[in-house]
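Below, each structure is written out as structure tokens.
Below, chain A partners chain B and then partners chain C, in two separate complexes.
Coming up: the complex of A and B.
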């Protein structure tokens, strides 16, 4: 097909004009146009909107205020508090996901595990369930009237009456939301770690064993270092996903009670879509994007040093 | 001279040309028939071919649906089709804003309450239908508290689907067991607090009062309940903050006092929305609550309630007034960009008609939007809520609604919760909230 197109191109355009680069450009032009229309233009426009004072429910022309929205952020107590909550949430979610994912991968990597293929298929289910569905499921699990968590703990004698789990300390509330993210993301991490475990040099393991290293020592000094790139890839992905969490918070708590679980992106949504302050919402969104970029860059440099 | 007829050669070009001509002809014919109205219509089907799209909040609990049961009848009467979509209230606001600001005609009618109407009406996003409504129906028959949901500063943007005013519910069995007269509700604030203390027995899982601390909206509704009972208001007519004055402070102190006394069901902290609060109420853990009309019918539903025939209703006990209540009517507003304005208004008039309102009220327990339905003995028979609502409506009513309602709710809510938890004093909580609210409201003051 490429040859036919090339022939038509040369007959139409003329041999003097046609060239390999021009032909290649013609072939990628549709994708480039789509990218410009649905990628570059919206991003550029929303950056411009972040420089405006623009509330959709106040009629009138938006006003250009430069970096005013960005400056406003740091005087906004809800926003600054959300940064701390998002940091706590991200650390909890990333550490938990990596720990559970790694433990699962190590268990599945054992030679004596039966039905490995079936177990891996079952493992994928939480990851395959849409995040909103997972959030709704956990909302019911945590529910203070009917939740199975309460029923189980009451049956085991660990609590004396049903609890409303999100209404206590904000750190407990944030941890519960993070547990939902760990449930959702640890299968993906486990898959990556399982693949990484296959690349650990067997001769190093055997050499360590012969030198008398314990299982724990082999894990810390042979297995983990061999998996450092996989580990870093998982950390980068999980950190960026955790920093950008919105859907789980929206479904589980809406950012409440009060602003207890108000993560940064939930607040961005609140400003842009509840209060219709699209200028301020855009500015906050780009600030968080910048933070995510810095974190990802930091990890990349770390990976470079480790390499 | 004989004419020689050349046989036309059938080629791809001729086939394509013929097909194009046929398509254009058919399209023009269909379009013309729409313009000239020659499309066949049954008698009385004035909106045949119209597809009305309604974006609504929840249409009531299962078995108590408010608007959707009447749609097939209207469709049959008019020949129109209706697409009725329910979304969660928070998502509805965002969706409505996106559709309206984009000036899209994809939705004809939006669910609304006083807050959304105050936000979208003056901004030109809801259609001002004052003239159409006034000319099409007896406006005097519409309950003013119901019209508050869909009008702002004298302009009307749609019609209400039910009238709602807070009522006082109490559990007669729990009163009797605690030695309190079960035949009447507390008449004063002090009586209310004393009764709550008598009834509370945490060992039995019994509490005096049920509140709604689980969301900023719930907290603000509860606070307004107490504010209107002192005679206070959130803002004055010039959008200046008044909730920090003596009446506003006393309202918060009274609200917080109940939690400090330990008479509030701890589940209140987890109740964010009215359906969740209703579900808790009908389990019978609390003796008293201030709530909406739907709670009464659900309380007496044997399929779901643990307190059937145990619930009494009464006037809300005031603090500086005998009684006062907030209203919470719901409505549908017409989009400023709809292409089906006449059909949309016709639908609203149908839903607000006396016949539909009587049936809706009998079936669901929500109050009708027309006085003629309110006063109908068939509607009030066997439903003490109707008589109670009429009595309650004679006392002061209020509902905070402004273009900045969402923001004030989210700024004030956390401070109310902090005051309830003892993390801030009521005075400090209101002062801190006011400091955050003032710059937000100032922007809207500049607009007006």
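Coming up: the complex of A and C.
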């Protein structure tokens, strides 16, 4: 800072920030401006866009159609089908991530397990790998012509010939995509759970042991309740991540084959940025936003009851 | 004595089972990465072998040579490094003061502020990207560094504020008062006393932000066309082909994962510490 700047700073800003609230406001101002200009304003603007028939690739003026895009949504079979797929996908990913994350954390937390530093390093790897890279490698594993999943299953005698996993049942296809999400997200969940396990009061564990509680009982009645907040945090994170999953689906299936794995979020992207139907895309984006917030609020209420 | 022997035998069996389960977990987490690395150095003829065959004698760097010789790939490396570094730095510059303020200072509207920045975090990115795309198109910011970085900062700053807020909040109370008594301004109390104490947490946030910007696909896919196309976009391009070149795809997947993985491994202590502090705080 130059000398004159410093003087201005002292005289003007220095005096203004002498009160705590003013100082605090100055510190949050950059993020606040960023949020207003590029968060609040765009979202307001897109309310307006969602009421228009507006395709960027078709010349012409956008026309006002009121709630037309919202009505269209519920008559669009791809969209309505995507809702069930998204629900299935999210439940699968959340349950899988919590189960694998918790199991990993419990194993790492054992006194008699050695090599924890190595195991933690192992967890960091899939967490850091970009979703696109993870998607590509799982796509190669699942490949119908040369994939090692086929080779392994054939070798074990579980299948009789190579399969194209995404073209059969949509539930199989969705499960396989969700499995990659579990692969990507459960390491972070495990780290959070491991941290949560450190907060379980030792005296409670001891007391339960004295009262003759079995290991299973202690897990359900002492360990889990003590880490309910971490559990809830992982549930919220993973649910919103699953509802907003994009990279993995984009790379693994692109929503196909056909619309087999067209999750709602992916469909919004397709409409808005592949077909450039920004009006319809905005309306659907609003619907997704609404669902995400309802779910987040539901968890929030759950947290209130738990606490 | 026999009871004790029996229970120690049971403990040994249980311990063996625990190691077995851990081995399965380690395999699940590492095998795909290893398989990708192996695939990236295999000649094409071996990739199409049924059943799969791996030959280390035939290992080739051709896929990597092809990539490094491709100007599109080299541009993507530059774009990814520039975007990730600048977005991380800028996001920190705006998030550290805000995290400090919300963690340690009292002011009207603090809760409202924290809640509203969280909505950007929870809200789906596409809902923001459609209007942002239209706005940026109008101002000529599509396919430019400022446009891309701005949007990244918008998306990562909220979570950074929330995390940093936690790290600052757990520092001992009264530090500012003591500094102020010694004649320091509020500003100095913040950057000379509190900021150095919060660096551990800041490194965890640096890692989290960098990894999420580095690995993001949606934002650059929407906002860039040629000049600022990132590695993830280039990598995702391989998946759209009719007959996917898995050797090339694996090489690009490895190269775009490598910096993130190395950084994450180097900073993992901070990450674990940050996560643990976050969990204990509750």
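Note that the second predicted complex is superposed on the first by the 271 of 307 C-alpha atoms of A that agree within 3 Å, B and C clash if a C-alpha of one lies under 4 Å from a C-alpha of the other, contacts with A are read in each partner's own complex, and residues count from 1 in each chain.
Here is the rule we use: a residue touches a chain if its C-beta (ideal position, glycine included) is under 8 Å from a C-beta of that chain, and two chains touch if they have at least 3 such contacts.
Note that the coordinates shown come from a computational prediction; the quantities given were computed from them, not determined experimentally.
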Identify the partner contact of A:273: answer first if only chain B is touched, second if only chain C is, both if each is, neither if none is. both
Quick check for you: in the superposed arrangement, does A:176 touch first (chain B), second (chain C), both or neither? neither
Quick one: is A:145 in contact with chain B, with chain C, with both, or with neither? Answer first, second, both or neither. both
Just to be sure I read the superposition right, which of the two partners does A:107 touch: chain B = first, chain C = second, or both, or neither? second
Which of chain B and chain C A:60 touches, first, second, both or neither: first
Would you check which partner chain A:166 touches, where first means chain B only, second means chain C only, and both and neither mean what they say? first
In this superposition, the partner of chain A with more touched residues, chain B or chain C, is C
By the touch definition at the top of the document, which applies to A:77: first (chain B), second (chain C), both, or neither? first
Which superposed partner A:256 touches (first chain B, second chain C, both, neither): first
On chain A, the residue positions that both chain B and chain C contact, one per complex: 145, 162, 254, 269, 273
Touching chain A in the complex, chain B uses residues 90, 93-94, 97-98, 101, 119-120, 123-125, 205, 213-216, 266-267, 269-270, 272, 276, 279-280, 283, 403, 406-407, 410, 413-414, 417-418, 436, 443-444, 447
Sites on chain A touched by chain B in the complex: 55-60, 77, 144-145, 161-162, 164, 166-167, 254, 256-259, 269-270, 273-276
Any idea which chain C residues touch chain A in the complex? 11, 15, 18-19, 21-22, 25-26, 28-30, 32-33, 35-36, 39, 47-52, 93-95, 97-98, 100-102, 105-108, 110, 113, 116-117, 119-120, 122-135, 150-151, 153-154, 157-158, 161, 185-187, 190, 211, 214-218, 221-222, 231-232, 235-236, 238-240, 244, 246, 249-250, 252-254, 256-257, 260-261, 263-265, 268, 271-272, 275-276, 278-280, 282
State the interface residues of chain A toward chain C in the complex, per the touch definition above. 14, 17-18, 20-21, 23-28, 30-32, 34-35, 38-43, 45-46, 49, 100, 103-104, 107-108, 110, 112-113, 119-141, 143, 145-146, 148, 151, 154-155, 162, 183, 187, 191-192, 194-196, 198-199, 229-230, 240, 243-244, 246-247, 250-252, 254, 265, 268-269, 272-273, 278, 281-282, 285-286, 288-289, 292-293, 296
